[in-house]
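The structure under discussion is supplied below as structure tokens; questions concerning it will follow.
A, B and C label the chains in the order they appear, each numbered from 1.
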């Protein structure tokens, strides 16, 4: 336990900013993955245990595009399309079969998918660690903000995260598509009655959720190393965030992502041995006292 | 419940399928399955091949170990077989995946031992599996080769098994060598404030503890200003990196390995971490790490202090060169520490079997005690390593420290440690722990 | 008539298990059988929740870990006997199950499952962090002593494999019989009622949550026993037991064997053992094939082996799915 160290850092502006930035970056990546998960769970009712695998595939597609073309920006466009397409295929042939089923089947199907995707990655890309180089544009010394170093690429991630959050918010609350999605989340039968093809809608929503997870993987790939099985802890963490934030609310997921990011970033200062504990305690506390999360809708 | 089953609809109405019938059929079926399945032990044949049974983690983050262990075994077997085999018998290699479950490791150990089909058992899985294997080797009284760097496997008399041979490095030795090296440079460069970072795992904790112990022993002025224990295979070290930056240490010791060290260096580079402090890296001289870093950063970072671990050219001996050439020719990739260790273990086995003139367990165990052979990781003019008999620990292998550079062999100014020194320090440590 | 038939089934099966080492005397078979029995107990205990009550518990392995480590730590560090150590594990698991079950059953479906998962992760964290007690990530490596069990006048040593086999058979079959009695009792039928529709069950006056908590505790206790047996079997305790991936195994068993029948998880345990061994000996990508099997099963039938057998029985003659 090192409370003094924690307080010292908070008192020091440059240390505070450094840790805040790292908290925000962690939060952004988490937010991308968790918002996709929350969308899928909120609208389709599926707890997708293979969600982290979509994140992983986004990262690996980025690796391939960047190693073949040397162009990260190209990957930024192609990889989300790739993952979105994968999401489309998965929904059409697999997920569709388990709507409304007992949760044990949902779990097993998505878990089976996780096993399959992990081994597909091993087969296609190999067992060893792959690395995506930091895009040339960002290979510069960190910028200094009140004495705190902030890598340029992290600034990029934060900007992208904010853009996506804004974009999602606009889509889901201001467009017709968003209104239909919200309606389908509460009453799909009624939506069908109104003449909207709910099946296609579901496919689109799943693809969008997959795309978001994949996008998280793409943004994270220059920062982290790639290995098969990297998606698994991401699944767990994004589920934690989704539960804490509350399903059906992008704002909730965003706040929850920040909470987790802050816990991780400052937690290791004050409690270097136990930072793992806090996130789980938080989730348990939420599930016991406020299961609908920060701003989610009521549970069924 | 919706029934989507594919029941036959031209039911020719069999007689009542009673529970008894069910039991009988399932018994018959299970027996048939067992007989036909690969689980069934095979009958003894004349002049049968020597079978190596490998098992361990083949998937997940540690899958590289499994893959390289298998490759080392294949290379060794093929080389021997082309020369007529061992004791005139061909060598066959079979591998099983334990999915990182120690009980699977125990199960395979028992299966291999009981089936009589496998002559020698090699485990390449996690440390937990290695301990499970040590225990199983005592129970089954079978020679087993284990890979784990955890000291207790051979040092703790309660754990140690006369039947379990460790063929990997020992993190205590590494800690002694790197700690003393760090003490030397800390005195030269006045590095008194140290930070450590390692995966929160037995291996990480032990590595750091040994390092600090021997660092402080030789330079008592050293002060540990902070320690970071990120989760093993953590994708994001940013919180730890920022904590290190905040603490402003003179030097940092990183016991990360494999993917973690790649991630740590990449992320650290973004923060300019490596310009702020001196670094001692336990496990960066490793082909897969170097490769990934070159891919990612354009070139391998220079100016870091690092342990020698294993590479083509480290140690710079003919034995090592030959091994690397053969491995590269056969598989198209360079060996890494797992393959080198495994290969060494197999060479030991080969020599022991030749010496004992039989594959019978007890005889081979006697032969392998205190056996010295020429190996890729060996030291001295003859590139020898020794299997120390009193605890079945490999010694006399090449271990040292140097400074990284951007061109092959990526480490310069290498100082290899003297094994007399290492064993003296080890003795003291063991006495303090009450193991001796 | 049916009573006699079902008793005879049990008698035949138990007789088979008792006679098994005489028919297949090699240690090879005995060891595999012990594994199967321990895994089957794990699966059956979980199926009490999944198959009979409709509760998907993803954190069931927490009880396995509690049972395993309790037995391990007590036997290593105290002079308690094996039955006492196992029993204390049962008590601890029961208490943990009561605590977690109380909170988990306030939620449904995904949230229930996820909370059980979160609770089991707390056990995992305790196991890896409380190094002085549990050995941390390395586990309890110094072997689990097996002091002979004193029963009235005899002293039974379960260290020899054959003796351990019979010890396992005794405990596991005893547990199976108890579980079977529970599911066939009125209590068990109420569980099925809850599974089919908790809302309706509530309407007819059943205190759904109370029954869920009770079965949660019972399932946790039986699971703890399989954990204790496992640590005795492999002579050690490892944190992998508490990792939630281990919790997925029994769910596979239940799916493959069939969740609507008592025998389902037992058959599933056997089949899963074969699949794992067979797959890992022919390919490095065994996870892929296991995943495909799961996906195919869920898309096409959702019924396990035993369910399918009984379905045939239903279409051809008398009898019903449980």
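Following the convention adopted for this analysis, contacts are C-beta pairs under 8 Å (C-beta built on N, C-alpha and C of every residue); 3 or more make two chains touch, one makes a residue touch a chain.
Since the structure is predicted, the reported quantities are computational estimates derived from the model, not experimental observations.
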{"item": "Overall pattern in which the protein chains touch one another (line/ring/star/complete/other)", "value": "complete"}
{"item": "Two chains sharing the most C-beta contacts", "value": "B-C"}
{"item": "Innermost chain, where centres are averages of C-alpha coordinates", "value": "B"}
{"item": "Length of the line joining the C-alpha centres of subunit B and subunit C, rounded to whole Å", "value": "33"}
{"item": "Contacts with two or more other chains, residues of subunit A listed in rising order", "value": "118-119, 122, 273, 276"}
{"item": "Multi-partner residues of subunit B (each touching 2 or more other chains)", "value": "59, 67, 200"}
{"item": "Junction residues of subunit C, two or more chains touched", "value": "284, 287, 302"}
{"item": "Subunit B - residues contacting subunit C, complex", "value": "1-7, 11, 13-20, 22-23, 26-27, 30, 33-34, 37-39, 41, 58-59, 66-67, 94-97, 99-104, 106-107, 110-111, 114-115, 127-128, 131-132, 134-136, 138-139, 150, 152, 156, 158-159, 200-202, 205"}
{"item": "Subunit B contact footprint on subunit A (complex, rising order)", "value": "5, 9, 12, 15, 18-19, 21-23, 25-26, 29, 67, 118-119, 122, 127-134, 141-142, 149, 151, 153-154, 220, 222-225, 227-230, 233-234, 264-269, 272-273, 276"}
{"item": "Subunit B-touching residues of subunit C, taken from the complex the two chains share", "value": "5-6, 8-9, 12-13, 16, 26-29, 31-32, 35, 128, 136-139, 141-143, 230, 233-236, 238-240, 246, 260, 267, 270, 274, 276-278, 280-282, 284, 286-287, 300-303, 308-309, 311-313, 315-318"}
{"item": "Touching residues (chain side subunit B, partner subunit A) in the complex", "value": "59-61, 63-64, 67, 200, 226-231, 233, 235-236, 238-243, 245-246, 258-259, 262-263, 266-267, 269-272, 288-289, 292-293, 295-298"}
{"item": "Complex contacts: residues of subunit A adjacent to subunit C", "value": "41, 47, 94, 97-98, 101-105, 107-109, 111-116, 118-120, 122-123, 239-240, 243, 273-274, 276-277, 280-281, 283-284, 287-288, 291, 299-300"}
